[in-house]
């Protein structure tokens, strides 16, 4: 799983039916700084550090094996020690 | 999921039967600028910014678990704030 | 899916039974120039530009869900406009 | 499978139900030095060199086909010859 | 599939039960020179050039859909023309 930070919500009104109304978030990978879109079944806020699962596991993590996700948030990290900035507790 | 921009249609007359007559689009990834081919069940125009799902989820997103896709468009982004150019609403 | 060019046939006499006698081709990815091995159920010639599917979709595209492929050719591109060289129609 | 070294435990209290209470570890890939999060069904210590499976195989390796993992530790390497430092036996 | 060269056997006594006693090999990818661990159902020797399948196909190629592999050797290449060194037949 990847460690990512939530940036913002992505609005895509025109979408396939299987996506439903689940919230899609733009996230930035900690390692590569590259941005991807993740499905959020947990309920994250902007700035949260999260764990995201990819591959086929992203489908059932999003709630059903038919859900068309390849990147789903599975947990919010309690605190994250960023080497350059010291320990940072997440506001709850 | 990846954020990509649609470039053009790709014509491949000689293809395996399972591909059917679905439209194949050349898309360019926002992060890496690399080009891939995506299946389009949504109905995109050239220049649209889209969300594309990969991995095994690309199969059911294309309409059936037997569809041979590893990259399927699942939604069109309403607007996309390109940092270098400001907010850009998509023409509908 | 990826856009690749067929280079040559790869001979591997000692192989697992599930591979059968299907032809394996060395292909070069257009984007990265990296070489991989693809299963060819279409019937390609050296030099053809092809569309190749990866992930789990490569299995059924090769003919059966038990076929051990992660990279299967699904179509031959009719023509390919290489930016540096202009439009190039493929000889049929 | 990848060769990684275990760095530390990752605490994520707010998580989806399917993750259960399995321990999540931050691991560093030997080849790229990039960090990922792995599920640990083996029982590793910090510093252990481990073999980690990705893709859909990470699900059943974590104990069930519904487990939402894309990176699961499957074994601890007995000893690892690091070219720059000579053979290093792992303390058991 | 990837083209790799076999380097050596990897010993991991402490492992999950599903791995069984199958031999695990350290292999080096031809394209990137990066090392990974592959399951060997074919019977390779050090130095062999092999074809390795990844993704979900690596499971059934290793002998069963429950086998936790994401990188399984499926064939030994008869000869490999390394551009820098000319044709090299593999010793059988």
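General observations
Every chain is named by a letter (A, B, C, D and E) in the order it is written, and numbering of its residues begins at 1.
The rule we apply is simple: a residue touches a chain if its C-beta (ideal position, glycine included) is under 8 Å from a C-beta of that chain, and two chains touch if they have at least 3 such contacts.
Molecules present, by chain and UniProt name: A, B, C, D, E = Carboxysome peptide A.
Predicted model, so just to flag it, every value in this text is computed and none were measured.
Under the contact definition stated at the top, no chain borders both subunit D and subunit E. Both subunit B and subunit E are touched by C. For the pair subunit C and subunit D, the CA-based superposition corresponds to a rotation of 145 degrees in steps of 5.
Centroids of subunit A and subunit B (each the mean of its C-alpha atoms) stand 21 Å apart.
If you average the CA atoms of subunit A and of subunit C, the two centres end up 33 Å from each other.
Counting partner chains per residue, subunit D shows two or more touched chains at residues 54-56, 58.
Contact topology of the protein chains: cyclic, one closed ring where each chain has exactly two touching partners. Touching chains close into a ring; read starting at subunit B and passing to subunit C, it gives B, C, E, D, A.
Residues 1-3, 30-32, 41-42, 51, 53-58, 60-61, 72, 74-79 of subunit A are the ones that touch subunit D when the two sit in their complex. Listing the residues of subunit B that touch subunit C in their complex gives 10-16, 18-19, 24, 26, 34-38, 54-56, 58-59, 66-71.
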